[in-house]
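Look for chain A in each of the two complexes below; its partner is chain B in the first and chain C in the second.
Presenting the complex of A and B:
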C-alpha cells in the first residue's frame, strides 16, 4: 500500500456494537437450542420414570471425572471430528458427502493392508505409511464419486451413499478372506505390526497420539480454508456458484477437489482408528461416526473453527451415554435423541432468527 | 385544491431501522396525470405500494373523493377504485388477453365461463383509450409493450378511478412511449386520475399536469407543469448540477434531451483495444442468440448497445467477459486472441465485467467486503504472500476502496449481502477498477440505483476511459446509452441493427431498429 487512505476507516466505533450483536445472534440461539434439547430430553426421561438430573449428571461429567473418561472422549473426538470435516469441506463448495463411513472403512483397509504387509518395518517408516495409505485410500474412494460428478454429472449424494454399501462388502471380504483372524469370533483382520501402532501418551490408559495429529490437522484445515487460494475459492463456490464462475473459478473441478479432500480426511480417520484404537480392522468399526459427523457439520453452519468444539461436545455426550445407562438406567439411545433435538432446534432457530431480525 | 380525487396525508412507513417514507403528503386532482418523480430509493414506489395495499403504513391516512378509506390489501384497493401496473407483470402466459383480464373477477357463474361480454367490454375499453390489443391473442406471444397494455386494461376492467403506473416506459421504445402517453391523456379526459412513477424528468414534463418530487423518503415539492422546467426539477431531484460532466449525467438520467448533448465522458484514443469478428454465441439451451457480431473498440472509447431485453445482451456480455464460450468467431483484446481461454485468463488480461444481475453474478453475499474485493484475484501475486492470501493487506485495500468508492458500510468486515443495491454496485466497481481493466463491460450498470450511485457509476466510467479503458455499455435505458456513448449500436435478435455516432442519434430511429423495424444499416 503506497498512499494512505484519504479518510479514516468508515465508522469503526459503529462496527464494535454491531459485531457484538452479530456474535450474540449467532451464539444465543445455539445455546438456547442445546438447553431446549436437554429440557425436552429431560421430559422424556421423566416419562420413562427415571431421574433426568442423575441421567444428565452422568452424561455430562463422565468425560471429566476419570482419566479413563477423558481418554475415551478424546478417542471418540478424533473420528467424529474427522468425519465432520469430511462432510463440511465438500459442503463448503455446496456438495453433500454422505459417504464418510465408506471412506473411513476404505481408509482403514488401506492402513491395515500396509500395517500387515510391511509389519516388519520400523515405526518411523511404517506408521507414516499407514496413515498416508489410509488418507489416500479414502481419497480414492470419494474420488470415484468426484469423477462421476464432474465428468458425468452424477449426483454426489447418491454416489457417496451407494459407495458406503460397497465398502461394507469390501471390508467384509478383507476381514474374512484376505487377512482373517479366525479366533476373533467376529469378522476382523489379524493385528498390524508393532511399528504401525500410534504410540500412547501418559500412563494407563494411554492417550493415542492420533489426537496430536488431529490437533495439527485442525490448524492446517483452518489455515487451508482461510488463507489458501483454493480454500477461498471453495468458500466462494459455496457462497455463490454463479458469481464464482463469473470471476474465473472452475467450480466443478473445485467441487470435485472438495470431495476428494473430504474423503482423504475420513480415510485418515479410518487409519487412526486402526493404528490408535483397534490395532486391526473389524466390522462395525465405523460405529455411527457418519451421522455424528453430519450433525456436527450441520451445527457448525459453515464455520471450520466451530467444528472441533462441537465435535468435542458430541464426543462428551457419546461417552457419557454408556455411564448414564449404568447409573440412571436410561438407555444410551437417549443421547442420540438429544443430539437430534439439538439439531432440530438449531434449524428452527434459523427460521426464528430470520423472522426476528427482519422486524 | 378543491375536491381532489386522492389525498394521502402524513404517510409514514418504516422497514426496521430504515424510514422509507417520512410523513409524505400527496394530493392528486381529478382529470390529472400526476408525476411522482424521484431517483431510486426516493420512496415513490413505496408510497404507491401503500396506496395499493401492499404495505401497511405506520401512520397517515388516505382519502378517496374526500372519504377516508382503509386499504389493507390490493383487493381493498381495487374495490376502492385504485389500480396499479407494476414493472413486472403477473400474467398467465398461456392464457388469452381476455382470460388474463377476467381472471380473479366475478364471472357469470361457476359452471359457465362465457367470455363474450367480457371480450366486448375489453374491446370497447381498448378502443376508447387507444390501447390496441387483440382480446383473443395469447399473452406469451405479445411484445412487452402490448403486455403492458393488457395490464392497464386489467385495472380499467376492474373500474379503476386512480391508475398507478410504476416506471412504465422502462422497456418501451420511443414510439410505444408516445402511444402510452396518448392513452394516459385519454384516460384523464374520461374522468380518471393517473399517477406516473418515474425518474425521468423529460417524461413528466411531456405528459404530467402536476408533479411531486420525492427524495430520501420525503416530498420535496409539488409543482404545476406550467410553473417549472427541466433544470428546476433536476435540481430538486439530484441536488446541485454544477459538477463537470453534469449535463451528460443529467441526460443519462433522462433530465434533458440526450440527443442534444455534445459533450461526452470518453477520451477516444487511436489504438484498437478490442476487436470482435463474426461472433456467434449460444445460450444455455443451445440457441444462437448472437449471430455474426462485429465490433471494434478503441482505447478510451464508449460503445453503447441499445436493445430490448432478450435480444442477446446477456450472451454478448458474458461472451466478451470470457464467462460464456464463443461458438464461432474471435475476440481480441489488446491484440491477443482470447477465444478458448479460461475465464481467469480473460480476467488476467484486463477484462472486467459488471454483470446485470448484481446479486446473482456479482457478489458473495455471505462474505465480507474484503473477501468480495479479493474474488477473482485470489491467485494473483498481489494478494498473496508466501503462498497464502494476505488478509491483512487485503483488508487495508478494502478500507481504501470503501473510502475511495464511498461505500456506506460499517467497515471492511461488513457482509456484502447486507448492503444496499447502490453500495453493492460500488463494491463491484471497486473490484473491477482495482484490476486496471483494458475492457470494461457494463450491463445495465445503473438499474435500480439511487441517483447518487448512478452518478457515481458515470464518474467512474469517465475515470476509466481517461485511463485508456475501452467501455462496452449494454443498457436497456436508451437515454443512458445515447448520452454516454461515442457510438450507439442497436441490437436486434443477436445482430446489429444500426449504428450511430454520438451527436447524430435519433432516438426514434434507434427505437425502430431495436424492434426490427429499422432499415438495416451496418
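Presenting the complex of A and C:
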C-alpha cells in the first residue's frame, strides 16, 4: 500500500560501487606502475651484483626510522612540492615550465637581499617581506619567459631553460661580489638577519615552519584551481584549447599568467630554503628540485590534489637514496631511474586502462 | 689577424656538438617528432662514450656506443609516440630523466670514486692534405680531428637527403601534413621511427665528442645546457640543415668568445660574460620565432583513424 519509491534508496547504492570502481581504476594501475618500476630497478641492482632487498629497505625506511630522517624528508618535500606546482600550474594551460630552478634561485636572491639589507627589522615584519620578495622575484623571472611567449611567440620550454643558465651566473655573482662570505670556501652569501629565519618546530633537529606555509598553500592552490573562475578557465584551456578560445577565454594571456604564478611559487620555495634551511644563499642550493618537480608534476597527470602526496613519496625516495648508497653500495642515481620508470609505467597504464575499460 | 684565426680555429670544433645534436633534432623534427630529451641523451652519450673509450681503448668504438645507446632511447621515444601516441614532450622529459640517471649510475659503477680521474686520449688532428696548406682557410677549416669533418659531412648529407632527393621530399611532407603523406602511401610510422632513432643517435654522438675533444676527462655537468641550446638552435635555423650550420657557428662563436673574454679579464665580472651566450640566445629567439618556419605538425602525434588533422 505504501510502496516506498524504489529509486531514491537505490541511487546511492548504485553510485557507491561506481565510485569504488572508479577509485580502483585509479589506484590499482598506479600501484602496479610503482611495483613494476621497483621490480625493474631491482633487476638492475641484481645485475650490478648488489642486494635489491637491502637497497629498497633503506630507500623506503630511512624517512621513518629517526626523527632526523622525518624532518629531512619534510624539508625536502617543501621545495619538491613547490617546484611541482611551478611546473603543473602552467601545464594546466598546456605550457611547459622547465625553469623552476632558475625561478627558485632568483627567488632566493630576492629573499636573501631583503634578509641582509633589512636585517635589523623584527621578525614579524622581516620574515613576511623575505617570503614575499622571494615570490615576487620568482614571478619576475618567469615573467620574462611569459612576455617573450605572449608578445613574441617564443617557445616557453626554451626561454625558461635558458633563464636557468642565466640565473646560475646571477647568483654566483651575488654570492661572490655583492654579499660574499669569504670564509665559506664556496660561493655563498653572508647570513640573513635573525628576524628573517623561519622559527623551528620541536627540538633536535627542529622542523622549519615553512612546512606550515606550504600546507596553507596546498589548500589555497586547490581552492584556486577548483573554485575560482580563473582556475576554471586555466583548466578549460588545458583541456581543450580550441573550445576555450571559442568561448571567449583569452588563452594566451592566461597561459602567460600561469607561467608567472608558477614562477612565484618556485620563488617562494627559494625564499623558504633561505629562511628555513640555509639561512643564506649558496651555489647549488637548487639541488635537483627542478627534475623532481617535473617528475611529480607529470606523475600527477593533471590532478592538483595528487601533487602533495606524490611529492611526499618522491621526498621519501630522495632521502632514502643517500642511505641506500651508504648501506647497500647502490649508486644514488638508481632512484632517479626508478622515478623515471614509474613515470613511464604510469603513462603506459593510462593507455592500458583506456583500452580495458572500453571493452 | 692571428687572434681572429685562433678564435675561428677554436670555433670549428666547438660547433661539432651543436651541429651533430641539432641536425639529429632537425631530422626527427621534420618528420614531426619533437625530441626534448637532448640534454639527457648528450649526458648519457658523454658518459657512455667516455667509459667505452676508456675500457676498450678506442674513441671510435666509444662514439659508436654512444650513438647506439642514444638510438635505443630514440627507439623508445618513437615507439611510445607513434604506436602508443603518448605526448611527445612528456615521454621526452621522462627519457631525459632516465638518461641522466643511467649516465650517473654507469660512471659510478665503472669508475667509482678515484683519487685521480681517469683519462682517455683526446682526438688527434688530421689535417687534410693540400687543403690544409691554404693560408688562413686551411688552418681554420681543414686542420681538425675526424669528427669535425664527419659532423659537417652529416650536415650536408641530411640537407642533400631532405632537399635534393625524392624520398626527402616525401619525408618532409610528413612533418607538414601526415594525413596527406599517408594518403600518398608514405609510411608515416616508419619514417618517424628511423628518423628519431638516427636523430637521437646523433645527439648521443654529440655528447660523446665533449670528453674526447678538450680534456679527455668526463665531468658531471660538462654538457652544461648544450642539449637545451640545441633545441633553440633547431628553431633558430627554421628546422633547415643548412641554416642550422650557420646557427651552430653563432652558438659556438659565443661560447668561444665568452671563454676568451673570461681568460683575458676585461674588467667585467666573468659571470656576466658567461651569461652572454644565453642572453644572446633569448634575444635571437625573439627574431627566430617571428621569422623562422617550423614544421606545421611538429610535436604532434599522427592517428590515422582520427578525422581531425590540423
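Heads up, the rule we're going with is that the second predicted complex is superposed on the first by the 339 of 359 C-alpha atoms of A that agree within 3 Å, B and C clash if a C-alpha of one lies under 4 Å from a C-alpha of the other, contacts with A are read in each partner's own complex, and residues count from 1 in each chain.
Note that in this section contacts are C-beta pairs under 8 Å (C-beta built on N, C-alpha and C of every residue); 3 or more make two chains touch, one makes a residue touch a chain.
Bear in mind the structure is a predicted one, so any value in this text is a computation, not a measurement.
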Contacts of A:232 with chain B and chain C, given as first, second, both or neither: first
First, second, both or neither for A:169, with chain B first and chain C second: second
First (chain B), second (chain C), both or neither touched by A:222: neither
First, second, both or neither for A:334, with chain B first and chain C second: second
First, second, both or neither for A:132, with chain B first and chain C second: neither
First (chain B), second (chain C), both or neither touched by A:245: first
First (chain B), second (chain C), both or neither touched by A:123: neither
Chain A to chain C touching residues, read off their complex: 48, 96, 98, 144, 148, 152-155, 157-159, 161-166, 169-170, 172-173, 176-177, 291, 294-295, 298, 331-337, 339-341, 343-344, 347-348, 351
Parts of chain A lying in touch with chain B, wherever the complex brings them together: 1, 3, 5-7, 9-12, 14-15, 18-19, 223, 226-229, 232-233, 235-236, 239-240, 242-250, 358-359
Interfacial residue positions of chain C with respect to chain A in the complex: 36, 80, 84, 86, 89-91, 93-95, 97-98, 100-105, 108-109, 224-225, 228-229, 231-232, 235, 269, 271-272, 274-275, 278-279, 281-282, 285-286, 289-290
Contact footprint of chain A on chain B as seen in their complex: 16, 318, 321-323, 342-347, 353, 355, 360-367, 371, 374-376, 378-379, 384, 387-389, 391, 393, 396-397, 399-400, 402-404, 407-414
